[in-house]
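Look for subunit A in each of the two complexes below; its partner is subunit B in the first and subunit C in the second.
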Partner chain A sequence: MSTSKLGTFEAILLVLSILAPFTVISLSRTMINETKSSVLINIIYITIICLVIAFLIYKLFKKFPGLDILDISQYVGGNVFKNIIGFIFIFYFIITSSIFLRSFCEGLKVVYFPYTDIVYVILLFIIAIAVTNTLGFNSTIRTTSIIFPFLIVSIILLFVGNLNNFSFYRIFPIQGDGFENTFLLGLTNIGCFAGITYLYFLPPLLKEPKKFKYVSILSVLLSGLFIIMCVATLLFMFSIYISTDEIMPLFSVSRYIEFGSFFQRFESLFLLIWTISFCCYLSISCKFSTQILKKIFNLKDSSQLIYILLILTFAIALLPKNYSIINYFETNIYRYLSLALIFLGIFVLVLSNLKKKAGG
Partner chain B sequence: MKVKDIINNVFGYTPKNTYHFSLPDDSDNPESTTIQNSKDDQKNSPNIFENIDTNLDYIKTKYNLLINSDIVTRNFILNARGKQYKALLLYIDGMIDSQALNDFVLEPLMMRNKNNLFDSEQNRVISEAVTNNITVRKVKKFNLDEYIQNCLIPQNNVKKETSFKDIFSGVNSGNCALFVDTLPVCFNIDIKGFKQRSISQPENEVVIKGSHEAFVENIRTNTSLLRRLTNNENLIIENVKVGKITQTNCTVCYMQDITNSDLIAEVKYRLNNLEVDSLLSAGELEQLLTDNNILGVPKILVSERPDNAVKNLLQGRVIVLVNGSPYALIMPAVLIDFLSSPEDTNLKTIFANFLKRIRALAAFFTLLLPGLYVAITSFHREIIPTELLYTILGSRQSVPFPTIFEIIIMEISFEIIREAGLRVPSPIGPTLGIVGALVLGQAAVSAGIVSPILIIIVAITGISSFAIPDFTFSFHLRFFRFAFILSGFIAGFIGIGIGIFVYLSTLCDIESFGIPYTTPYAPAINSKNNGFLLPPIWRREYRANYLASKREKKQDKISMKWKF
Partner chain C sequence: MNSILKKIFIIIIILVFLVAFNTSYSALNLDNLAFVIALGIDVSDTKEIKVTFQFVKAPSTTEGSNQESQIIEDSVDANSIANAINIMNTYFAKRLDLSHCRIIVFSEEIAAHGISNYIYTLMNDVQVRPSANIIVSKCNAEYYIKSCDPSLENSISRYYDLFPDSSKYTGYLTNATIGNFFNSLICNYCEPYTILGGVTSSNSGSSQTANVDDSDVQSGSSPISGTKGVENIGMAVFKHDKLVGELNAIETVCFNILKKDVDSFIISIPDPNNENSNIDVFVTPLSKSKIDVKIVNGSPYIKIDYYFGAKVYSVTENSSYLDENSLSAISNSCNKYLESVLSEYLYKTSQEFKSDVTGLGKYVISDFATNQDFENYNWTDNYINSTFDVTIDTNIDSGVLLTKT
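Up next, the complex of A and B:
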């Protein structure tokens, strides 16, 4: 029984677990902020585009079975190009995970630890990731496959539990701020499907490489459904102007769930599940960064790198002076960065296919 | 000088100059001073000498006959075909059957009888033919050792050995050794007759609808139990000796046509590569066969029930038995095995699954309940319904300590009561538990040291830990609940969440003989109805596929043919 490769189910969950914590913490708010009441249409539209992108990635990878984006970039431009691509991805993984760690910790600080220095809250996560990253590559992914069903249940519960509080008319005006905002400016929301960037590294990790098509398309489809669920909950619950003000808007939604007069306030249970899934995301991000570095430098053992990367993550997480800087990153930079990475990957793949074609 | 050395020098612990006793040690060549490290000792065991006095001297030296009171050497004169030889019996008093020794060893060897009155020089006639008045006789030259083995020892199990190592091994296990002057061989005669416990009821794995037999200390009795229940010639029972000094007999048992060959090879490889002096119990072997994990979770299932062992054998697992230990080591084992009881398969599926869910809940409570209580009372009071919150606050009014202090006091007290209950003589044990739990708990509440709600939490946690079928796994959960108490105290649900993440990741990283510990859920595989919950008995068609057994199916698609 192979223990070092990922099964199809695990690979799908891996891609989903990259986007899920963001969506729960802040992405839903950002999307509503951008496209207002047309957000659901926008997500459906974006999901279709992302499905096309996922299919395109699969098609482009087809000629390079078992290779990831680093191997392919080496094929295209040699070691230098491979290193450049590798460092761009590492930069992206580290920056996004650091900033989202800070964002999540800021939210926790506001809710539960108002008198605790943010450093200690961040440190808790960093220590946990340091411990788990010393374990095998698959341990976190297996953990994700245990935790993710709970995350899904929490989101469904959030939706179902608040059905009484929903105002479905908030979907109107259905075009939001207009066609341009929904379909043209809204294209930047492709960046919300950050899991696609991890698809570039999946082929060599799959137990059944033939199922890459299945993995890429299904993971994007499920990501779309997940985002719709989260965004719909938020959209139907609050006025778009209120929801965009909240630090962790879905957490606020969870406060309104009531089951009888006995169970009234169990939002902290949601936070428990989200914390675990956030840890999964951080750990996966760190493990992928380590793997890239390992590949760039041809290292046999990457255990020493983990601590360096985590110190870097910790330092970057402490860089923003306040929440508005983090908010700015989440709202404006993150999506564009993800978008750039998605298209960078496609660009490299197209080049490699052209080279292959030219080479006969 | 390395940075590590500098740090060690600056911050390292320098022991004080105090008196301590130590044995002489030649650190440059440790093998010269420590017998246990000498690997050559076993290899240099000489062969049997022809001179019986030399043999006796060697035995005296090796067995320290001047000191050892139970080692017996019996000198006598052996009669063989009219000739007399000096002979010697070596055995351990209390380990042999004296009656059998007298009747079936000493008597035939010492007594003269008519069949034994030939001249020793006379050759044995095998066949005779007369042709043209010429008699042709085929004779066989007289061979004393063959004659003794074939004619003078009416025993079913007699082996001729040439080395002292094999002879001593036999004598140590209850056999008797016969040395005869002029013979460079020795007879290893099986007349074991030591007192042993008879097969009794299992004490730790009690079931209602299953067999009431349990393993005993004698390895042969245990293998016979397995053989009887398996009732199949494909059951292989291989002997392996472990321990340089004790040479403990262990057996590796597996179904030749079911168990994966790589798994068998791996178990045998680990068992054959143990450089230890002694092996006295299955618990020791369990630790020696598995690598350490930070969580201390068991990776081998330990059972005292032969039916449970056979059930696992037929699934494609390997069983290891240790002489002197009434437990079978079942390997590999995954997480769900430790939450299953041998009773499960004897019950109707609906009830078995109900009990399994209860056990999973018990495991959850054992590990997390105290931590969750600390987290809720310290950080997330909003989760408690208002009426209950008032009750809890009211009950804590007279308690001067913070919750963490309260709970740690009570949990440690509970562990002390449990440990004391196990160590004291059995009639007092339960009394001590009741007195400790009731009186101490009540007194602690009355004295205002702890709140009544906390007593409930600790009691539920304690009782839940008893619902876990495997003792080691229960121990693991009990131990790590303190970690969750601490994480709940540090950061509430966030701390517990991080704790769960680290715990799960570590659990997911563990493998038992190459099988992920959290199989079949992480990695998610189609276990073909071999998951945590049991399917109806007619749907248990396949063996657990993560065991990669040679035979996938264990029953037909339609197993209850009488229905159709």
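Up next, the complex of A and C:
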């Protein structure tokens, strides 16, 4: 990874690629269920807070140019502290990617492969990631750069194609379940901006480290816009008091799109784009985990580590007994985990800045 | 050596995936599927429901022959839709596929008992399109489906595709889909509705309803004598999942006007110059129309201000549509007529049906700060106390081609 430096645009796309598949699979639904009709206000509020967090991260990183969170944690507490922080991040990256892989594959199985064992559907993704990682990180980044505009187009098409089915009155009552739910309990939705956790590893990867400020702020801002677009589509489309839960809700939205009686059934195209986008996310996640392991164990060659991590991802993806466990993780654990990681990073950065200040 | 091992590994992987995905591919292979284009659900004498399936058998492609698609209908008594499909899978030795199912028909009897279980089950099926139309039939669903014989279309599935479009230029039916029905079931400010279907009186053998206006017709009692068999005029109104009433053609026009789902329609209004005759006008709703809902003394006060442009369609000898006074008189007559039918429609839905099928609750939801406040108000139950104030402003500007005879 250290040999493949990222341009500013590529770095922004990388952060967005982390968030996009989650939003498409389940986050939009989770956010609506949490805050009901006030979800759009909540997202704007959360985006502003995340922008402040991104700016804070940039400020705290300013004194450590070219270093990532592991280097900084080594500076703060030595190797032991670095290893602890490293393993926490690996745990987060592997667990989230495994569970979301399982969730996405469950959706694919329901729609297209009803008679195929889930093991093979997951294995297909695992092999795809193994191949992309042997081709190098650049190939993943380039694929992300190509596929992400298509992903954006698919989300815009979802919105525009369903305008006839929208009821804009669904943003009312404006406070949703109340002020407290929207602005206090709704703070947990900060965890939906999972891309922030990847910002901690970006500085050494940037071609122009000085542009870390633009990368962090723009990526959070665009993430907010992306989430708003997805959530608005879902909110205007379906009743917020939905007591039912749908697998891949945005896929359900895509089934409503019809332009006359000739242009119908766009969902297959959408699913193809989302599948490639999901592969990009998994590949990025595995690559980051590999690099953390490489730093922890001071390895020169990390090329074989990826296979171990992939086997681990595969095994964890198979662990949930049924969809309810995946759903529980998506709705209850994931956001809190992301939130904890975001604030852990800030905590380490604050400690390092204090140490630097104390040391003169 | 390494390269050979890699190639062997790749071949093994490909073989494994070929075997693994083969079952899904085979099961969804066109040769193994029978495409259902219409699904009917009736009450059964022996089991829970009687499910009717309609298929189209693809025409033979023998050179020189011009065979039409053969339409097949079969029914089965079962305790659930899934069981019915399963039995038919065995009967046809093919897997029934609902991805091309265009209409889902419920008989009046089953709709009166509640259909939420069937709707949830069908929406749970990945094959069922949310855009499939949903119909409540005045007769048996089986009879409705078997009577459907489109006279102007070669393909019955094309007829199913196109017939709801007539709602845009007649307003006599509404494009009710299973997706919308499902959404309305879980909505707390609107109620579900379906298309009202029936078999033409000449086919069913029942007597036509006499002495009704042209616009008071509805499926099952219309004055149509045709070859098509089925007719779709009017709509069925639900309170949650139970059928509570039916709307005739002009009431469905009112529904479509308020939902802003109709581009134009023709109505017969009293001729201001002759009490015993009517004038047909071609009406186009204007976009500046407005609905305002307020809660006054705990009851909804619903103010409806609608604007229409119109042209006189029926012309007789000595008609003059260039005279300002004459046009103004016709406009006033049109206003009175529309105000009257809209008020009647609204009071019918609120007091007789007790169902906000138009979804007027959405106009008041912005007055409530939180969901809890709105739920406490209980809009669906309070809708029966509504007061309606309908104001119509129609501007009749001329005849269509002839302005004076």
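Definition applied: the second predicted complex is superposed on the first by the 353 of 360 C-alpha atoms of A that agree within 3 Å, B and C clash if a C-alpha of one lies under 4 Å from a C-alpha of the other, contacts with A are read in each partner's own complex, and residues count from 1 in each chain.
Here is the rule we go by: contacts are C-beta pairs under 8 Å (C-beta built on N, C-alpha and C of every residue); 3 or more make two chains touch, one makes a residue touch a chain.
The structure presented is a predicted model; accordingly, all values stated were derived computationally and were not measured.
Contact with neither subunit B nor subunit C is seen for A:S302 once the two complexes are overlaid on the shared chain.
In the superposed model, A:I146 lies in contact with subunit B only, and not with subunit C. By the touch criterion defined above, A:L124 lies against subunit B and subunit C together after alignment on the C-alpha atoms of chain A.
After overlaying the two complexes on the shared chain, residue contacts for A:E10 are found with subunit B alone; subunit C is out of touch. Of the two partner chains placed around the shared chain by superposition, subunit C is the only one that A:P114 touches, whereas subunit B remains out of contact. The interface of subunit A with subunit B overlaps its interface with subunit C at residues 112-113, 124, 261, 264.
By the touch criterion stated above, subunit A contacts subunit C in their complex at residues 36-37, 110-117, 120, 123-124, 127, 165, 167, 169, 172-178, 238-244, 252, 255-256, 258, 261, 264.
Those residues of subunit C that touch subunit A in the shared complex are 13, 16-17, 20-21, 23-24, 27, 120, 126, 129-131, 161-162, 179, 183, 186-188, 362-363, 365-366, 368-374. Note for the complex: subunit A touches subunit B at residues 1, 3, 6-7, 9-10, 108, 112-113, 121, 124-125, 128, 131-132, 135-136, 138-140, 142-143, 145-147, 261-269, 271-276, 279-280, 283.
On the subunit B side of its complex with subunit A, the touching residues are 379-380, 382-383, 385-386, 490-498, 500-502, 504-506, 508-509, 511, 514-516, 518, 521-525, 546, 548.
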